Amino acid sequence: MRKFAADQLTKIISSISTPVYAPVEDGSMVVYDRYEDGMTLRLDKVGTDKTPKDILFPQWENLMHFRMEGKTIQLTEEERAKEDYVIFGVRACDIQAIKVLDRVFLADPIDTYYAARREHGTIVGLACGEPAKSCFCKNFGVDPAKPDADVVLWPAGDCWYCEAYTDKGRALMESWPTEAADEAAVETIKAEIAVKYDALPFAKLNLNGFDGDHLMEKFDSPKWKKLSMPCLGCGSCTFACPTCQCYDIRDYDTGNGIQRYRCWDSCMYSDFTLMAHGTNRPTQVERYRQRFMHKLVYFPSRNDGMYSCVGCGRCIEKCPMNLNIVKVIKALGEGDSND
Amino acid sequence: MTKETLVPVLGIVTDVRVDTPDVKTFRVNAVDGGKCFEHMPGQCAMLSIPGVGEAMFSITSSPTNKEFMEFSIKKCGCLTNWLHQMDVGQMITVRGPYGNAFPVEEDLKGQDLLFIAGGIGLAPLRSVINYVRANRENYGKVRIVYGSRTKEDLVDYPEIVNEWCQEAGIEVFLTIDQAQEGWDGHVGFVPAYVTELGFDPHGRVLVCGPPIMIKFTTQALLEMGFDKTQIYTTMELRMKCGVGKCGRCNIGDQYVCKDGPVFRFDQLGELPAEY
Amino acid sequence: MQEIMNRMKARAIALLADGTVSRVMGWEKGEGEYDWSPALFENAEEMEAFVYGDYAGANLSKYCLKLGKLEGKTLVILKPCDTLSFKQLIHEHRLEREKFYIIGAGCTGMKDEKGALLKCNACKSKEFAIYDEIIDSEESRKPTGVMDRMAGVADLEQMTAQERYDFWQGELSRCIRCNACRNVCPACTCIKCVFDNPASGVQSKAPVTSFEENMFHIIRAYHVAGRCTDCGECSRVCPQNIPLHLLNRKLIKDMNELYGEYQAGEGDEERTPLTSYTKEDAEPGIVHERGRA
């Protein structure tokens, strides 16, 4: 365990030779953006408005370019990321979300656009001090006191404790002006965090029955209709979610050829599954059900029980009509969930 | 598989055959000749015209065809309209093969096979039928029931009449929805015709066609004594990636593009009927 | 507000019981103190969960588009500002009056976790534009707005064109195209939005070019101009905190100055300043003149 004085923080970030993405203020928002001197760093903010997903899986990215001439096509692939970078100050829930993204994009066949960015990134995790009321990460096996990152920081008022856990992390920390620190102090911090998180209103949700074995039971629940009724069908929850990764691939005529790009898509949108002959999810009831079934049933069923919700609470903060996954878990988790 | 998940290879249309008023079959080769990639019967490929769109199509030709791939495509949307206007020599982009295949080397081997198709639903089955024809010794009796709206809508009619019908061990039963001049064959819907023909409930059945036809045909088969484990079909939903990542073609926890498109009916029965 | 809620609840249960209405569109509590959601109640038992009070900020008018297609009448709870949206939808023939029983709900200004809603800080009026009955109180009839509604617009008008452009570029560049503003907007009632229509040539899900930043919100603002009641829902729902209401208010302010004071949804005149012609109307040259000022 190492530590450095609190006033060293911005100096350390500025000294990192690769680009650093960190939670910074953008107007009234806190987003992960390329850090530059003079920006307002907001490591204190739990549940940043945008998530580190923006860096690994940006809202839109070019995939390839086509030149069309007569009947011929020329294809040029977009270069994959090749520059090292650091994402600084990522909370445990958001790191778990990256593991969810890994399950999708690094599964065979590997998505090379994502893989390249993932490979070049070093993640500096940040243990949570004060939780938000909407946090419920521990339900999903996330430990807010110990993010699973290359380097982890623990806030302790006048100083930061830090430890590297991987080669990438050790390489990054090498040049930091740190001194040896007492392991026990960090254990105390961790214990304090645990107490705070266990006391949260959604700390202990009943997730029994949210698995592949109860797929049909959950799917057929009559409660979806009422739960989905106020849903506007906007994409706020999906875009604010650190694990939502559904995407669309579209072509754009640049006037000088065709740019094929990928962009975030949302299962909440009416055209998400629209085909020439119609859609298999015609109303918001089916679309709403899809989103939560995916996170709580389909994904764990395919991924050794891993949920694709990490309990970050952003859907609670962002839904204009106050719908969220906690309501769904509570509504559908009742009754027969213990068998 | 093409080397990259989302990056296609270039293909060139080397023949266009008009099958019906709204179905054309396109022969596709790699730019330097030969096939873009190998596949198994039932697998699909993403075809695209940059700027127009990209969509999933079943590969109609059999893998035993070593020279080219074929796609039978019905005109029904933006991309397919464009494809229908293509001439020989047009380049397109191709990526795949995607999805599972009919288990031609496993469960289907040694079995009598009953193929039931409606309209453009023959496209994925044609790949299996020609694979079986090329490996005739591995399979039992082959029976094919195929129907469409009119005589003109029967896809691959010349191949059916001139090749399939002439081969020993293959029986072909054709039907059209309504009586028509110049047609002296059977008239009626496919499910009713299947009931009328009355098959012994053994071997394996491969069904493909419009959802309503699949539904009633399966009912007819189950009434005849077939078990759900004997019946296969192939599904289609909206797809963007083809590799189980873009998140839209799932039926329950199964992605049609990756875990399908071929499903056995007992497997499908365990999933939500959201298709 | 508790008293208003109790009266409202009793009245709704009675109207359900005597068959006047088939369902009630109101609010229910969430998991915490502030997170109320719109909800539909179909019987007295379900009405147990009905709430009305300080966190009933959502405008329920947009839901009426779907509810109006159901069998029977729907009881809908509308705050004074919500009634403007509802009445505007009647003017536009999007709703049939007889499909709804409207309880005008007294409002003392709505809140969320962060305090008073932005839209309530500049409350337009405590008058109900349309209703079957009103359930309010002495308290709820008192004005609540503390801000000049056009103050933010005036600030923008003080800027130079370049400053204004930079301001909007900065704000709109945060847009993630989640469509919450459009989907909540009671004036956005196109069955197929041009931005969802693949045949339109402008369908785009990502701000791939500055087209999105510049055009989506501006096109939307112009499309609702003259019909927008300034209900403020667009800014309330924006997850990126973009002050979209300023675009609408600027257009309202301009219309007021050019064609006389007008409040969409108010009154019985269905022709709006932008769909009626008088000889006194401003000439197109006004754009140039005002731009120079």
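Chains: A, B and C, in written order; residue numbering restarts at 1 for each.
Note that a residue touches a chain if its C-beta (ideal position, glycine included) is under 8 Å from a C-beta of that chain, and two chains touch if they have at least 3 such contacts.
Source: prediction; values computed, not measured.
Between the contact lists of subunit A and subunit C, the overlap is empty. Chain centroids computed from C-alpha atoms place A closest to the centre of all protein C-alpha atoms shown. Averaging Cα atoms per chain gives one point for each, and the point farthest from that of subunit C is the centre of B. Distance from the subunit A centre to the subunit C centre is 32 Å, each centre being the mean of its Cα atoms. Distance between chain centres (mean CA atoms), subunit B to subunit C: 50 Å. Between subunit A and subunit B, the centres computed from C-alpha atoms are 39 Å apart.
Within subunit B, the positions touching two or more other chains are listed as 78. Residue positions 248, 265 of subunit A are each in touch with at least two other chains. Shown for subunit C are the residues that touch two or more other chains, namely 198.
Those residues of subunit A whose C-beta lies close enough to touch subunit C in the complex are 26-29, 49, 59-60, 133, 201-202, 226, 229-230, 232-236, 238-240, 248, 250, 252, 261, 263-266, 269-271, 316, 318, 320-324, 326-327, 330. On the subunit B side of its complex with subunit A, the touching residues are 1, 4-8, 10, 50-54, 76-78, 80, 87, 89-93, 236-238, 240-241, 243-250, 252-253, 270-272, 274-275. On the side of subunit A, the complex with subunit B involves touching residues 63-64, 66, 68, 71-73, 75, 77, 104-105, 107, 109-113, 212, 215-216, 219-220, 245-249, 251, 253, 258, 260, 262, 265, 267, 272-277, 279-281, 286, 290, 293-294, 297-299, 301-302. By the touch criterion given at the top, residues 30-32, 35-40, 58, 62-63, 170-171, 174, 176-180, 182-184, 196, 198, 204-209, 233, 236-237, 239-241 of subunit C touch subunit A in their complex.
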